[in-house]
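My questions will all concern the structure given below.
So that you can tell them apart, the chains are marked A, B, C and D in the order they are listed, and the count of residues begins at 1 in each.
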Amino acid sequence: MKLSKSTAILLIHCPDQKGLVASVTDFLHSNNGNIISLEQHVDRAEERFFMRVEWELTDFAIPEEKIDDFFGTLIGQKFRMEWQLHFTDRKPKMAIFVSKASHCLYDILQRYMSGEFKVDITAIIGNHDNLQYLAERFDIPFHLYPITKENKAAQEAEEIQLLKDLGIDFVVLARYMQILSNDFVDHFPNQVINIHHSFLPAFKGARPYHSAFERGVKIIGATSHYVTADLDEGPIIFQDVAKVSHKDTVLDLKRRGKDLEKLVLSQAIWREIQHKILPYKNKTIIFD
Amino acid sequence: MKLSKSTAILLIHCPDQKGLVASVTDFLHSNNGNIISLEQHVDRAEERFFMRVEWELTDFAIPEEKIDDFFGTLIGQKFRMEWQLHFTDRKPKMAIFVSKASHCLYDILQRYMSGEFKVDITAIIGNHDNLQYLAERFDIPFHLYPITKENKAAQEAEEIQLLKDLGIDFVVLARYMQILSNDFVDHFPNQVINIHHSFLPAFKGARPYHSAFERGVKIIGATSHYVTADLDEGPIIFQDVAKVSHKDTVLDLKRRGKDLEKLVLSQAIWREIQHKILPYKNKTIIFD
Amino acid sequence: MKLSKSTAILLIHCPDQKGLVASVTDFLHSNNGNIISLEQHVDRAEERFFMRVEWELTDFAIPEEKIDDFFGTLIGQKFRMEWQLHFTDRKPKMAIFVSKASHCLYDILQRYMSGEFKVDITAIIGNHDNLQYLAERFDIPFHLYPITKENKAAQEAEEIQLLKDLGIDFVVLARYMQILSNDFVDHFPNQVINIHHSFLPAFKGARPYHSAFERGVKIIGATSHYVTADLDEGPIIFQDVAKVSHKDTVLDLKRRGKDLEKLVLSQAIWREIQHKILPYKNKTIIFD
Amino acid sequence: MKLSKSTAILLIHCPDQKGLVASVTDFLHSNNGNIISLEQHVDRAEERFFMRVEWELTDFAIPEEKIDDFFGTLIGQKFRMEWQLHFTDRKPKMAIFVSKASHCLYDILQRYMSGEFKVDITAIIGNHDNLQYLAERFDIPFHLYPITKENKAAQEAEEIQLLKDLGIDFVVLARYMQILSNDFVDHFPNQVINIHHSFLPAFKGARPYHSAFERGVKIIGATSHYVTADLDEGPIIFQDVAKVSHKDTVLDLKRRGKDLEKLVLSQAIWREIQHKILPYKNKTIIFD
């Protein structure tokens, strides 16, 4: 059974009720759709059902452009579902925001250049020009938007316009050292992925490595999450940690933290590209 | 949606083909079975389909004692499935084999006494009497079968008889320092769980910590697996590792390894009790 | 070079200055003390020097009972050192406080019974009688001190008296679900080791697993630390974490957390017994 | 106490004997050398002593160019020591060997460009030209030496000459898919660092991810080590692992392994640059 290139993915959630899996799989099966993978989850506290299902489009009886309508009419509305439909032969468009630190950007670019990230990087946006050389070396358009207290609203308005014009699917904050305004965030709900350099909820806000050093913790961490209006409170996508000791200075923590940051961010991007993340309220379902 | 106490679990595998998920979920749904959890996996190299599905028995139209027959007749045979049917209100029966080391046995007994392991420990079997005191303190029958080259076949025959008489579902080798004969293993296919004190396939056989020390590795590990006729080659269930350094002597490796051993073994037992393991050829599918 | 059974350990800290290592090692060497291990650390932010040195007492020119005086007079006072002197042939005395949960107590008892923890467990103190059976099965005196708002001060006074009478070196709170009063803590500065069921400083206080579930974190943790007057703010000794997912309910987090708790607590106890911990201000130096 | 830029490092090993630490520290102290860090280790099985000591050169009484002679005459020969002397104001020279995979090279270049690796990358040598673009974008000389069975000896001879001409301190094999000849290795004893894509000693040789998949392991790993004449048998510097499951195909293992490979290799390079590695026989002492 060869894996056909062309597949579709449905991400679904709805109130939990009987017959959900049977209805969805029967819809696919009766239309000759071969299921590649299926994962479901029930949150019993929320009484809510979550599902990710991927199937081959070859031989599927319903044409691509009609799947959304047919699914909605036959299944989705009946069960009060919310759903996203993705086609894996369409590369998502991604923009990257950076400041000065380069480690996350290098990590993303390597995965992009080698084909690991099947994505179009349409723009790199910086509030400093330190990483312009890197964007240029890889022929990715770099846009400089220096941010001050005074120009923040205007600059963000231009950034939003640019992202809309480019048809961006999601934004990655690759150690972007600015807090996005609520207005910006409202334009891209659960579409902006940030990397925070601590294991949230510990050490929210600025200078987490200094705080970790002061507290004398024996592990440090990093957290990738969707950006919401509440700083460092958005749905967590991925976290990882490393053991540290009294020998580590703040500089050591920063150095060692970079390895966590780049990996934890790239893990989130990977899952985003694979459509494996389903955010619900302030949490995520990750269909690994 | 309250979780009913009484649920059933099907573990299935068969050649991959279209309509498998739809057929099984439709069978459950059309008989008013509410699916609690469903996980499926397709091994594309083997072209084989694997599934674990759990559903509530309350309101299920088919009586417990007829489910196996109905499922087989309506679904299983059609798709050439192999399957196991389990009921969660029936505690599995487990026997433990020990030698002298106590750490795994304590760990198991704590989980048993506290109700974490919903299992009946029907017998503790030792080739030494060192841990008899512990079995007695917890009122579990202890059987002493000292093993020598000469009496091994006879002693094992008695052990097999005892396990059969007790109706044991699975056996745990909790640092049992004897190699079971092929004959013994044949009586309990994929029913004997061993803990090996290395990250297999490294350091198979005897004295893995000495070998790890000699090789100068920077991590040690432990592996729980089903016992097969080939020593340390059975399907792996769980593995974990710990970082070590040049400072660690063989004694340190042994001491630190014990923490791995007991956790890795108990993780396997937990999954066995939950019917989350599906061995196939020399591998396992773990429905976590 | 056989390791002599009888060794001494000095734990030292003082303002950083030139010649510290040379002076201490020369003191030991010139008195025919063979150094088994030596570790030092300089905290440059605090400009403070820390050291742990262990040497063989066989052939050492200064008798055991005079070492403290000689070292202080010749070295310690000159460099304004604070130091502890330990002899490894003397077992420390430990008391354990428990409530209802048994997992940490089993873990400690297994290590005690097998000789891994070379310590005297002189008393197990409970505010509930749930674990009395376990203490009795291992012939360790169990003392019941039920705590209410009204009797807390009186009960603690008795506990303090008991611990003093027994000559306890350190106390382990093995999931003891009571907050010790400041008065209690003052009697045992850096002598009470607690296990908190989160990766501090996240989820301080009560019900950390519920909070972790609510926040949707992807890792949970446990932290062992010395108890100080500020709740969950004492010097951290050891931390570890485990990955979790959206599939884990609060009950799953609690179950999985227990494995972290018992290991993280036992790691701290091991280091305490080996005299490898040097607390300074709100941090610890761990001479691993 | 400000950290002076200019420090010296001694890496020492010799037969274990009394007075070693005292003699070395007294040598430094009496010549007004302020010790920044000191770590020692005794391998009791080998009866061998290992030490790393770093001290400030400001105010040190012995001029840099005479330290080696003075230390040898006064201390080293007396104790039959072998030692290396390094000065931290001198950047080591490093060459990188690559084939086609880019992930390790990107990771190294990011650390190099950001100043994390205080090293001179003097040459990138490839047996394919796939990564020439990357070397050029970062203005590092790229040398192409395609290897065939027939030309291997001749090409290696040229590579050795190049490395000698450049005065290379150590070589990094950044997923270089060729086995170096014994002759090559003999020219650079413990100076060639390789990354192997398994947790050695498991899965030595070619295609370790395929072997891991076939065996059904639940963890994969990576190992950095010095290259010796015995393939994948050299002294191990660093290892790390990641958990995998039945869901991971060989391609998934390869993808996930890349993250391990680049981190484990860079950890080794970091320690090499910091002069924290002391190889002895087939093991390493890592002074972390």
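In this text, contacts are C-beta pairs under 8 Å (C-beta built on N, C-alpha and C of every residue); 3 or more make two chains touch, one makes a residue touch a chain.
Note that the coordinates shown come from a computational prediction; the quantities given were computed from them, not determined experimentally.
Asks: Could you let me know which interface, B-C or B-D, is made of more C-beta pairs in contact?
Replies: B-D
Asks: Compared with chain A, which chain's mean CA position is the farthest off?
Replies: Following the centroid criterion, the farthest chain would be C.
Asks: Between chain B and chain C, what distance separates the C-alpha centroids? Give it in angstrom.
Replies: Chain centres of chain B and chain C, defined by C-alpha means, are spaced 36 Å apart.
Asks: Can you give the whole-Å distance between the Cα centres of chain B and chain D?
Replies: Centre-to-centre distance between chain B and chain D: 42 Å.
Asks: Going by the contact rule already set, what residues in chain D reach two or more other chains?
Replies: Answer for chain D, listing residues that touch two or more other chains: 44, 247, 288.
Asks: How about chain A: which of its residues touch chain C in the complex?
Replies: Checking each residue of chain A against chain C gives 41, 43-45, 199-203, 215-219, 221, 235-241, 243, 245-247, 249, 282-286, 288.
Asks: Once bound in the complex, which stretches of chain A touch chain D?
Replies: 101-103, 106-107, 109-111, 113-114, 116, 137, 247, 255, 258-259, 263, 266, 288
Asks: Considering the complex alone, what residue numbers of chain B touch chain A?
Replies: 1, 3, 16, 18-23, 25-26, 28-30, 32, 34-40, 42, 44, 47
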